[in-house]
Amino acid sequence: MGFDVEKVRADFPILSERINGKPLVYLDSANTSQKPRSVIDAMTSFMEHGYGPTNRSAYHLAAEATDRFEATRTKVARFVNARSASEIVFTKNATEALNLVVRSWGGANLGPGDAVVLTHMEHHANIVPWQMLAAEKGLEIRWVPLTADGLLDTSGLERLLDGAKAFSFTAMSNVLGTINPVADLVAAAHRAGAVAIVDGCQSVPHMPTDVQAWDADFMAFSSHKMVGPSGVGMLWAREEILEAMPPFLGGGNMISDVRTEGFTCAELPAKFEAGTQAIVEVVGLGAAVDYLTAIGMANVRAHEREVTVHALDALKGRFGDDIVIHGSPDPDVRGATVSFAFRDVHPHDVSQVLDQHNVCVRAGHHCAKPLMRLLGANATVRASFYLYNTPAEADVLCDALAEAGDFFCL
Amino acid sequence: MGFDVEKVRADFPILSERINGKPLVYLDSANTSQKPRSVIDAMTSFMEHGYGPTNRSAYHLAAEATDRFEATRTKVARFVNARSASEIVFTKNATEALNLVVRSWGGANLGPGDAVVLTHMEHHANIVPWQMLAAEKGLEIRWVPLTADGLLDTSGLERLLDGAKAFSFTAMSNVLGTINPVADLVAAAHRAGAVAIVDGCQSVPHMPTDVQAWDADFMAFSSHKMVGPSGVGMLWAREEILEAMPPFLGGGNMISDVRTEGFTCAELPAKFEAGTQAIVEVVGLGAAVDYLTAIGMANVRAHEREVTVHALDALKGRFGDDIVIHGSPDPDVRGATVSFAFRDVHPHDVSQVLDQHNVCVRAGHHCAKPLMRLLGANATVRASFYLYNTPAEADVLCDALAEAGDFFCL
Amino acid sequence: MPGLEDLYREIILDHYKNPRNRGVLPPPAVRAEGHNPLCGDEIEVYLQVEDGTVTDVRISGQGCSISQSSASMMSAAVKGKNVEDVRALVSRFKNMMSIEEGEPDTSVSLGDLEALQGVVKFPVRIKCAVLAWNTLAEGLDISLA
Amino acid sequence: MPGLEDLYREIILDHYKNPRNRGVLPPPAVRAEGHNPLCGDEIEVYLQVEDGTVTDVRISGQGCSISQSSASMMSAAVKGKNVEDVRALVSRFKNMMSIEEGEPDTSVSLGDLEALQGVVKFPVRIKCAVLAWNTLAEGLDISLA
């Protein structure tokens, strides 16, 4: 069960790129992750030898493509411990999955004056769809505040949830790295009679996931953040809920019958999969799930924890009060995403200097502007580590940061 | 300007597959097309050397990924002769593009009693979204009938369009192959004060497209049908219309600002592109557009016309009254999609026998059930040819068909 | 790749060309409707259930040789059987089609229906073979409701 | 790959650390606001326009060194100029940033602003450099409306 980061790195072709003779230090996986050879090969060889339509035609090329496609659904279901494969709906990204929940479930179940609870650390993908529905239907949106350490402040949660119809929250902050107590939050939602929607974008790629243990109702997540292809997202939801929901996008594949007078819906999960799907990408996602499964998500989490501890120590040790690291210093409640402010150097300028060393970090608002306002910043620098990053790369980050300091703060 | 089909075939790796020693005869491109080496390589090499987030991070890997991504937008705009690249919105497939138009434009501009005109040859993707909105808002849907030859019967079009707010129609039937007179239909819509929405899924891959010459308002089309990757679709629309429309999906990238009280939209085209896009797929689509552009869409059309004439002659010549070919016999008003009924053998059984010869055709309703009812059939056999198909493959189809006859009709 | 003869056994083609129990039954017989969205096949099953026995059955609709012959063979197999035995047969048949898990109840005899076993080698056709059976099961539910 | 010194010329860092014309102007001065959704930079430009001349200008907001120094240099360059000349300068600057096409009007002198030319080699930073200028143009539109 040994986790060997060098072996993992060798699986990712892009990590052996040299730019100006220097290695690539990719610290932006919270944004999107790199792809291992097995995922790239699965896509390539499928397009070279096995590409065909899914769930439409009956010849064997098409049947085999369909099998490959549906096999991924089963793998994903197992990966998050869904009850059955038909609880997994493929979307184009997690954003579409969240919009699907808001439009279909929310559209059918929420009305004027109904309250939805979000947290102050949500990604725009879990804010804007609700704001759109709220504007249309006259919903109230309530916000769970944060502690100074960047954890959810659950002291008033019961009050916030009182009378609410839905509680939608991230399992892990994409800015602070905070790991939220999902099972507790779901339980609180259910006690209040609210549906619990989990944004799993940042947690699923980085730690074991068990939607049944959480007892959640919905979870949205993205392939491209979990070493899988771009162009696919996933929604998991309890079958009874999906059954009861109206469809989202209309078109081919999601129907059972269409007449000029109206249509009837297909069974799950086709009901929510209108049109030609991201066939090659779903096949590639299957390889990504295989890859992560073989390594073991507990190992991924353990490795990232180690790198995070090293990174936090190195940054604090070298820069002391010159650096402000947002979020909790406790590695038990945080993932490998580290946002910080460095002296008075603007994040954009920090990132520019880092880029000269091929250190790729994101500088900006990370699609979490309400959180940014809370932090009192327009932007932060965010270094996010993944299974293929090393403690040594955290040191390169520190060296490059030191240079940014020299450059701007002489 | 010579079009050499053997050279084209050599560009598509899957076409040299042998199954049970026999070549693959792929006649299902109206469903989804195969991919040339250049598209596969563009995706693979991008994932191996250049993958990064688009429109978010500032380091050069991300900047170059963004450039690659946006270059495709420019290529697509040129390919359909859009006025500018910001008139091109990437979606997950054409179905999403049509849903976007119906929800955003229709949602904002249509109300109880308003009429929308469709044709009797539409794909479910251009029916079901309208039926969903119609059920919600109380719209009237009117249907343009067909002639016996499978052309649009435009004799009553003016009356149908009278007072209508939108006319949404396919440029080419995915069942009959019928090429509709798009510019005339757009003009008729505009004379009636209706917006003209073109489903370009079947026409864009097979003939030159000029949205300005058509004077259309919207066009939806799909990458996977035009030798490009799965997982990407496109909406073209006039900039003023897109500007005036509310957003569709909410999330990252489509915002300019987000506060707890509400959000403001980003500029075009980001406004309609929520969340992480199909980055690799859009890069691959760029290679697909390059590929088709280099060959020349007029050449593609000319080649397909030739194959179609051969196929129609061969089928009729060999099977006479035993075959009923739906749609027009005139190659000037039809594309390379040939639907037919063969004796009294069920299409599913025909396709099964054909499959024994690796002849891949679709048997079914082709996501056009209202048209099927008009044809008085539950299903048809559909052979659809593309730039990589040959007259000889049409002969293989005939041979296999003869066997199906022997098998079922002794 | 399995050959056509694996799929299209003679008895299947016979039932396809000479379907048994075609037609409709008037109420109080129940009517159940099924369709296969993939290929557009539509089937109607009419069931006359009296004192726990399927006394009559009729099949209408259109479909491919597999769905039609499966329906025809089914109609012949269930006519006169009591509802419990019919349910056991549905279960046994689905088991043969590998879409129902668990050990098959081998005490239930499939008879001619075994000819449909070859369909399993053609996975996309399984839905065709099962369509009539799912519709039958629905008809039973309706008749007992 | 171009080096940091191509981007961060000395005069740019000077304007960043010692921004000119920081602050606000009370009405009737006009106020225009711009932001860069990519990085979250926000800027406010206050303009006092009298008899076709920009008699005063002030800059508020937060941003990176490029957006801040570009704003500062801009404020110094436009103060006292007539509106027509300011517009010409905006156009010349955008031309240098390669986001406006056509031949540059070389009769318009860029002066210190030429130091920002290196930004063109860092395409993602062009938006930073141009933010203040777009906001200025908006302010001019407002003041003349």
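The letters A, B, C and D name the chains in turn, as written, and every chain counts its residues from 1.
Please note the rule applied: a residue touches a chain if its C-beta (ideal position, glycine included) is under 8 Å from a C-beta of that chain, and two chains touch if they have at least 3 such contacts.
As the structure is a computational prediction, the values presented were derived from the model and not from experiment.
Once subunit A is removed from consideration, the other chains connect through touching as one piece.
Two chain pairs, B-D and B-C, are weighed by contacting C-beta pairs, with B-C ahead. Averaging C-alpha coordinates per chain places the centre of subunit B 45 Å away from that of subunit D. Here the CA centre of subunit A is 37 Å from the CA centre of subunit D. Rounded to whole angstrom units, the spacing between the C-alpha centres of subunit A and subunit B is 31. Residues of subunit B found to touch two or more other chains are 19, 56, 58, 60, 62, 255, 257, 348, 352, 363-364, 369. Looking at subunit D, residues 1, 38-39, 125 sit in touch with two or more other chains. Taken in their complex, subunit B has these residues touching subunit A: 13-14, 17, 19, 24, 26, 28, 31-32, 34-35, 39-40, 43-44, 47-53, 56-62, 91-96, 98-99, 102, 120, 123-125, 127-132, 135, 141, 143, 222, 224, 229-233, 247, 249-255, 257-260, 262-263, 274-281, 348, 351-352, 354-355, 358-364, 367, 369-370, 373. Taken together, the subunit B residues at the contact with subunit D in this complex read 55-56, 58, 60, 62-63, 66-67, 255-257, 266, 270.
Taken in their complex, subunit A has these residues touching subunit D: 19-20, 346-349, 352-353, 356, 363-365, 369, 372, 378-379, 407-408.
Against subunit B, the residues of subunit C that register as touching in their complex are 1, 3-4, 7-8, 13, 38-42, 62-66, 68, 122, 125, 128. Residue ranges on subunit C touching subunit A, taken from their complex, read 1, 35, 37-39, 123-125.
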